[in-house]
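Next up, some structures in structure tokens.
The two complexes that follow have subunit A in common; it is paired with subunit B in the first and with subunit C in the second.
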Partner chain A sequence: MPEGTESHQVDIDPDTLHNDAHGHGGARARDKTSAGVMEANSQEPGKRVLGPAFWIAVGWIAIIALAAIFANLLPLPNPNLTGAGPAMAGPSLAHLLGTDELGRDLLSRLIFGTRVSLVVSFASIAIGTAIGGSLGIVAGYVGGVVDWMANALAYIILAFPPLLLLLAIAAFSKQTLPKLVAEFAFLSLAPLFRVTRGATLAVANREFVQAAVASGAGRFRILTREILPSVLPSVISYALLGVAIVIVGEGSLAFLGLSVALPTPSWGNMIAEGRTFLAVDPWISLIPSLAMFSLLLALNFSADKLGERFGSREAKL
Partner chain B sequence: MILEVDDLTVELPLGYRRKVHAVSGVSFSLRQNETLGLVGESGCGKSTLGKTIVGLVKPSRGSVTIAGRSITTLKGRELRLARRNAQLVFQDPLSSLNPRRTILNSLIEPMAVWNTLEPDQRAPRAMELLEEVGLDPSLIKGRFPSQLSGGQCQRVSIARALCVSPTLLICDEPVSALDVSIQAQILNLLHDIREQRKLAMLFISHDLSVVHNISDKIAVMYMGRLCETGQTAAVYKQPLHPYTSLLLDSIPGTQLDEPQSGESGESEASGPDPATTTQPLEPPSDVSSAINPPSGCRYHPRCPYADATCESEQPPMRELRSGHFVGCHHPLA
Partner chain C sequence: MIVFVISIGVFLLLHLLPGNPAYAILGPGATPLAVAKVTRQLGLNKPLIDQYVTWLTRALHGNLGTSYLTEQPVSTTIGHAFPVDLELVILSQLIAFALAIPMAITAARRQASILDRIFTMSSFGMLSLPAFVIGVPLVLAVAVTVHWFPATGYTPIYSQPITNLHEMILPSITLAVGSVAIYYRLLRTDLIATLQEEFITLARSKGLSNREVMYRHALRPSTFSVLTATAINVGSLLGGAVVVEYLFGLPGMGLLLVNGIYSRDYVMVQGVILTLAVAFVLVNFLADILYRVIDPRVRHA
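What follows is the complex of A and B.
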């Protein structure tokens, strides 16, 4: 036999085997230092910082959330107490943001009103993400009939006009907080399902998932340990946008008087009430509007930054 | 025999009533400590064949047996156990590793799946494997795939494949995405690992010069069918199928002859048939595809020797020389 198995070796010095980082030639010793250099280089640009603006936005969301949670402990007058001060008074030491047409404290109403917005938006999106997200990841990975059916269902829900559903329910029964949460959770199901499913499809056939299958990992393990970590950042980023959308949605319902019943304050019904006195005292409407505006800005900005931060690593593949 | 593939046929559905005939009636076997180089052009079904062997793709017909266990009939846990014997190394070095996991954790994961070691012994084992593939474990272990070079990622992929102690390693174009300077290193590594661990290896590539150096046997695939198999030296020296001859002629330069001295003069002299060297490299008009494969011999629309028989009859694999099979009505020589 002219060429046996011995002649297969390509002519390469065994010393260079350790030298992948920088390719050509060189001994083992040099390679270790050059790999060390590479580490220093690649760590800096590889880890993109979220930046101070992101933390300011997150801090603002946290302040609003904390104020809403601990509203009872804050030195505030009862938000529904009429005549807590003179009607339609401007800001003063006793009433930092002034009072409304019934003499109720505006700061107190604003902070207690936050509760409705935050509870409805975060709770409904949390439920929507949990259900829609898990359906999406399973449908995207399993595929076949499961995917087809879940997708068809999502299309049907998406085709239904959301405002019509909310108005119809509000027209027939009194709105309560749990009911509002359930309605918005239902409406968020389909979009969150679609986003998660899409993100799952993007990774489900990647080589590292196939390698996990080949190594004998079961389906559940692959879903939770290979696919979920790649899908989660984009889903969380989208869910934060969803929170912002629900805040606007609840505000619109409240403006129409179809959210929680009066006199419970919410940003939406505060804006609606102040509308009548816009010419006399624009503050009554302006304050809750500004609060909503700043919260939405913070939510959208932080969602965007999160997507950018984790999306970039995805794109680097 | 580590791997036995018998009459394997894979037809992938493609919309309404159409399907891709990715692999058609392929049979071969592979012994311990033996490398089979599977070559063919892009889209000829060689990757699908590799994935079918590890059970990632379901075959329409035929059987795959790895170390005595049939991949094609087993289900559930039994299938997962049998799969473990065959591991894959992929083409894309970056995609083959989970981007959100450190290298060390990527190696520990397969061990955790099977509980092969006590939890506290897994990390040391992973470090050993990293060393086996020529990486410095202390430098590499905490990094993410995006912080490694392509060659380093490919070494980690190889280490990960070895985690579950397979008997068969399937390398699907493992060096195609790498720099030429690194290709040889990875090829040497694969060769050494195969020798040390006495593995059976299926080496899939479109590049005949790469396959040449690492394979004991060669199988040439065209449009889902094997057209020639034999010992590497025999196939390169005297190809029997016109398609093999065309592939060999397409290798640019004389790089093939360099590794073996003494062989070069002879192979040049007896080289491919003069008739094949003058044939056009590209087919005149090739409307056939794996969706609608040609009748008879699938190569006949491109073959300069094709006649009526080739159009109507599928050539069976014949053993023209000992161990050298060809599926052609008019084999060269």
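What follows is the complex of A and C.
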């Protein structure tokens, strides 16, 4: 086996062990159990490489993203064009993945369907990271009342089951793409805030920060030049995981028919639609299921590798 | 405190709707007379804070309003649906633990062994299989193709327990997949960390066998983060249960919620969301207490 495929061989390293042990449990587990190991962790850059498997995963995400962005330029029939081919046909040269129950091209629907998932997930996590992340850095470094209040607020938000909140909003108002982005961005605020805050707390009193303070650097400079670079890797790896979680959330909503309205294709609603024809033509629903699985796998895997590489305790849920 | 914030949120949901909430409560085709009656009953012409107090007092007494569709009290309907969720969540967690604990013990005992690698890689796979992705292939494989399990249907557990279990296995497995991965990864890393501690070395030096060390000394201190994760996980399980019930046609809270959303039965939606949210907070609260019971270090801290 090539080195990179053995992703977990590195776990023998006791540092990673601690990272892992306290990463999965979510914010609360971390608070209670990891105080002791927090300081003991040191990073060893350069020792572990990301490996080819990581780059394959990243490449796959990139391919999917590019296909979604340039979907209009690809030689594909309109995803909503019914009767583009015979209904429920198998793969052919004209329709590489076959057609669905209305004769729509499955590959085209699959690629255009990626757009909803990717736009919602990347946009909402970007907003969530920007706002939650900066709040987290400031709260973590400044401390005091600001920190206490922001932290308490995050706890209250986290106390509500997220999908339930989405369903509640979907029940009482119609979903649109911007609205979905706003909802998921709001939901991602609290977790991203807590991760950034935790990472900031861990480095706030390290020597290099004290050195900067001693040499007369201002607060803003310390936050952006000293702390930001050292918390960024763990925040990014967590954000990648957030993207996967948002994709699952949007997919669940779409599966229930409560995301963007039909006939706009999205992987979730394609799976739900194809379900009716499971006995006749399972591929209609299996193809988007496989696509979803592969994308999530790539996201989870690369997020995990990044977290591992940068010795981040906060990388996992 | 948190329950209080939630109750305000759920109360305000009805007011997110454009127009008089009475129309929403009565559904399409409400007569002016009925609207006037509901308006008076809920005090919709009074200030918002009064309305909230009225609503909360009733909710605390178990009165969540009446569905315009079934014309039955929402609390009665929820009373019938809740056991389904309870059974689904408990079964799925039993399955998850039954798989994750032995997997983690095997993997932690011999790190980097072939089994360890297989388990760890497959845990990535399971992590990437939300209910709506794994559910369809599962139904296809064991219900449509070989007819081992029914794809839909529900019999209450108290009338025919065997039929009930037979019908619940597939939904429970669907819900359990993600949990297995989470618990396995947590327990594996915690076990490995515990096995390196001094009291384990001491136990070994006393001449205890590997098995005794693992089950009597290492397992218990390694289970705390799994326990916490379980409590946090209940939130996503509730979400997953909605999808699973929709997929398998189980008459639980999730199906109630989704159907309520489709048929614009807002009182029902409000009631279901309030119940589930409160249940979630309670589970987390109980887990906090349980945590103290199991781990004396937290108790005395």
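The criterion applied here is as follows: the second predicted complex is superposed on the first by the 263 of 317 C-alpha atoms of A that agree within 3 Å, B and C clash if a C-alpha of one lies under 4 Å from a C-alpha of the other, contacts with A are read in each partner's own complex, and residues count from 1 in each chain.
Heads up, the rule we're going with is that contacts are C-beta pairs under 8 Å (C-beta built on N, C-alpha and C of every residue); 3 or more make two chains touch, one makes a residue touch a chain.
All values reported here derive from a predicted model rather than from experimental measurement.
Shared-chain residue A:V213: touches subunit B; no touch with subunit C.
Of the two partners subunit B and subunit C, it is C that touches the larger number of subunit A residues.
When the shared chain is aligned, subunit B comes close enough to touch A:S230, but subunit C does not. In the superposed model, A:S285 lies in contact with subunit C only, and not with subunit B. Within the superposed three-chain model, A:L177 lies out of touch with both subunit B and subunit C [touch as defined at top]. Shared-chain residue A:I131: touches no atom of subunit B or subunit C. When the shared chain is aligned, subunit C comes close enough to touch A:L164, but subunit B does not.
Residue overlap on subunit A between the subunit B contacts of one complex and the subunit C contacts of the other covers 7-9, 11-12, 14, 17-18, 20-21, 23-24, 32, 316-317. The touching residues of subunit C, counted against subunit A in their complex, run 2, 5-6, 9-10, 13-14, 16-17, 111-112, 116-117, 120-121, 124-125, 127-133, 136-137, 139-140, 144, 182, 185-186, 189-190, 192-193, 196, 224-226, 228-229, 231-232, 234-236, 238-240, 242-243, 246-247, 257-258, 260-262, 266, 269, 273, 276-277, 280-281, 284, 291, 298.
Chain contact summary for the complex, subunit A toward subunit C: residues 6-9, 11-12, 14, 17-18, 20-26, 28-29, 32-33, 156, 159-164, 167-168, 170-173, 244, 248-249, 251-252, 255-258, 268, 271-272, 274-275, 278-279, 282, 285-286, 289, 292-293, 296-297, 299-301, 304, 316-317.
Interface of subunit A with subunit B (complex): residues 1-3, 5, 7-12, 14, 16-21, 23-24, 32, 35-36, 38-39, 42-43, 46, 206-208, 210-218, 221, 225-226, 229-230, 313-314, 316-317. In the complex of the two chains, the subunit B residues touching subunit A come out as 51, 54-56, 80-81, 83-84, 86-88, 90-92, 94-101, 109-110, 113-114, 134-136, 139, 143-144, 146-147, 149, 151-152, 155, 157, 160-161, 163-164, 179, 181-182, 184-185, 187-189, 191, 213-216, 233, 259-260, 262-263.
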